[in-house]
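Letters A, B, C and D mark the chains as written, and numbering starts fresh at 1 in each.
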Amino acid sequence: MEPNKILVRGYNLMDLVGKYSYSDLTYLLWQGELPSPNHSRIMDALLTVCLEHSLNSPSVDATRFVASCGVPLQSAVSAGVAAIGDWHGGAIEQAAKILQEGIADMKDTRLSPKECAEKILRDVTSRKERIPGFGHPTHTKDPRTIRLLEIAKEAQLLGSHVELAQAIESLTEKFFGKRLILNVDGCIAAIISDMGFDWRLGKAFFIVSRTPGLIAHAYEQMYSEKPYKSAQWDEIVYTGPPERQPPK
Amino acid sequence: MEPNKILVRGYNLMDLVGKYSYSDLTYLLWQGELPSPNHSRIMDALLTVCLEHSLNSPSVDATRFVASCGVPLQSAVSAGVAAIGDWHGGAIEQAAKILQEGIADMKDTRLSPKECAEKILRDVTSRKERIPGFGHPTHTKDPRTIRLLEIAKEAQLLGSHVELAQAIESLTEKFFGKRLILNVDGCIAAIISDMGFDWRLGKAFFIVSRTPGLIAHAYEQMYSEKPYKSAQWDEIVYTGPPERQPPK
Amino acid sequence: MEPNKILVRGYNLMDLVGKYSYSDLTYLLWQGELPSPNHSRIMDALLTVCLEHSLNSPSVDATRFVASCGVPLQSAVSAGVAAIGDWHGGAIEQAAKILQEGIADMKDTRLSPKECAEKILRDVTSRKERIPGFGHPTHTKDPRTIRLLEIAKEAQLLGSHVELAQAIESLTEKFFGKRLILNVDGCIAAIISDMGFDWRLGKAFFIVSRTPGLIAHAYEQMYSEKPYKSAQWDEIVYTGPPERQPPK
Amino acid sequence: MEPNKILVRGYNLMDLVGKYSYSDLTYLLWQGELPSPNHSRIMDALLTVCLEHSLNSPSVDATRFVASCGVPLQSAVSAGVAAIGDWHGGAIEQAAKILQEGIADMKDTRLSPKECAEKILRDVTSRKERIPGFGHPTHTKDPRTIRLLEIAKEAQLLGSHVELAQAIESLTEKFFGKRLILNVDGCIAAIISDMGFDWRLGKAFFIVSRTPGLIAHAYEQMYSEKPYKSAQWDEIVYTGPPERQPPK
């Protein structure tokens, strides 16, 4: 940046604004280059597919509680972003790590995707862990996965990481006793890995995707709603010791 | 700070640790001087009286939701602190401002506390506002106010701001149709004003008071509890437009 | 939201993903309807024009300091979002409020834009305040304003709020002794007002615009940089009292 | 909590306020019981020893940058709390984990403290890691460690974890080529372990200890200072690609 000029990755920002979409420029910031038309299309899908998931989402709850407290908009949104942790959006990062390490391993060992998937699941289950990016408490078939794979196919972006993810999905029944569907986190993980993103940027997609929704929730809570409903004192079960007197 | 030495308001921190309490040193940081024994005693009471208020508190809810998401302890606590806004703890600041401006006004105008209280309430009600620091949704007699005033009396700290606050309380029925009790926020506001604190530090007392409790809630949530219960999808009432098709 | 289906403002999210851009769907969340092609174009420009402003930005500094501390990505981004306050991005909100109230006033009073601008500036200067959205410490001609107005013109979106903003700009020299340029905050404020957005959503544009950049800064700081440079102890000027002994 | 009554760990909060210090009640919240007089004394020392460390601290920098942006007090403090991560205060948690696992290991294996220290350091260095809680960039002898150990000795609280920590310190030269002093983080870790605290509460001590200082910094920044100094545009080294034109 210098007076009257803002350079982003070598481009004058003003040469980009109005020509490239928000998703294109996000791609530029994170990858260092502008996307190809196919990458541009899938980028937009990746950043919109997690746009909203109603109140049934802890980042929205955190945002709504903070928004109820008489704070400016950004404080409520900030609290929601802070909630995008390992168990809420974080599966993208974890799944992308597993897939990227799996593909690196396949290059060394010449395993097939199915063999590699087997190895990954054996490893995960031997540590009695769950496999991030697979299974969903509400959806039996994640509509977001289906849509993303359609678009990735049209954009000719189905690569080795998606293939490995699908191999894992098909083996989940064998390892866990029930089929765990490739959920939206796992699907984003596979696609961004095929696009060359570092797994450590996994949460970034979820953060950007959810931010406009967090803003909409905060705005509604601040200007159109009663304070967000906390547990009421007669609903709370006190689990501490019985009433007692302090010494002396 | 220099190598092997940390100076706080002129004192070597190591000369203070073990001799002065946490509340004393908080007072030193905020006032610039160590407290007298009476100020020391009331300071401890001010910083403990809001220690805990169960789950029925939006800062605790925000902390618990973020703590459910797979984040480190400080992230959950940070979200709870962000919730200490104008409508949650913020009444201390607002009430202290009104009381400090009232006392300044009394010096200029030679009004009595009762006359000044009347003027304040006339002003507030003419703007159709509420009077911060008075009234409570759950408590009919705020036990924290009673205890604080006892201690302030013992410590010979009942000054003009407390007197003005009590004058306001006794006139609430006349102005609002029902008695609004001096609640803990209003009482803290009056006492810290008598101690010489700037009203803009009002929230500071609530923040410090609640932080150990936010930590205890975050810790319990992270290591002993199931994810904090969000609204479930079948409980949420969708209020948007009916289902429709996008154009084209 | 229900199993296998996510409804956003009446639309099935899966019917939107891949067809509408991130900016379109952000518009849908904030306005309740999908944008027209012209609104779609300007929306993308509004959300990209503040994408990046280098390290010379307090939200980036906050993000980098937190990112230096061994925290997950979202914590660093969350701190940056919390910094988007009244003096950093907040001018959009304040300027939009002034412009929207000005236009409402013009409808009542039949003032011309120039007369209304004069009234606004007289009012602001009589309170010895600054006029939000005008002036810039680094840029003498804000390149972002120029570009946004170009695009707004192409999209046939230059309405009464932009006209009023330009009337204010042309009068700044008279009221402040030097010309204060319509900066990017003021320009966004005028355009979103012409698009029908509530001024209380002003910061929302800056938050979404800056989030991908905050992520890029956090990622670089976490994985490619030494800890972000704080003031060193020999640079800090201690302004407290001289060294002293505690009583007793 | 019920109307007119607040129960904390079995005690009526009003029976505690004015009798027990802030540190005592923090102990009650975190341990479930009131402290003995010796635990009470050391608790106060533990919560004050990290009170302040000047601007040379990333949590203070984060607080000051956010405080510069026109936000309420709690937002700035919240950002500082979010910065108390693995590399800023987090060493308490990590060191306490190592010490608590070491003591558990000694019970099983009947190793002496010196043998256990040797085993720990061999393990750490074989993974090419550093040993948390030892070494300091500024202090050659951490004055806070000296003071804490004095108080712990007076309070008859020097137990097996402190002994193990000192055994580690005496072996650091052998393993790292230079003596790494037991710093304040390591010392707090050892003492809280001797007091029976779970290592996962390690950061809690640092958070409570720093909060009054973060508040004092935020308050000073908001009401007495110019905006906190960011890197200026002519100081920033742009490391991106040279200026270029977008395609087409």
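A few points about this structure:
Basically, a contact is a pair of C-beta atoms (placed from the backbone, for glycine too) under 8 Å apart; a residue touches a chain by one contact, two chains touch by 3 or more.
Worth saying up front: this structure is predicted, and the values here are computed from it rather than measured.
Just to note, of B-D and A-B, the chains joined by more C-beta pairs in contact are B-D. In this assembly, the chain whose C-alpha centre lies farthest from chain B is A. A separation of 36 Å divides the Cα centre of chain A from that of chain B. Averaging C-alpha coordinates per chain places the centre of chain B 26 Å away from that of chain D. Along chain D, residues 1, 3, 8, 16, 20, 54, 56, 71-72, 74-75, 78-79, 82-86, 138, 233, 236, 238 each make contact with two or more other chains.
If the chains shown are joined wherever they touch, the resulting network links each chain directly to all the rest. Touching chain B in their complex are the following residues of chain D: 1, 3-6, 8, 13-14, 16-18, 20-23, 25-26, 29-30, 41, 44-45, 47-49, 51-54, 56, 72-75, 77-79, 81-86, 89, 138-144, 146-148, 150-151, 200-201, 203-204, 207-208, 211-213, 215-216, 219, 222-223. Residues of chain B touching chain A in their complex: 54-59, 61-62, 65-66, 68-71, 75, 78-79, 82-88, 90, 138, 227-228, 230-233, 236, 238.
By the touch rule above, chain C contacts chain B in their complex via residues 1-3, 7-12, 15-16, 19-20, 32, 34, 71-72, 74-75, 78, 82, 233, 236, 238, 240-247.
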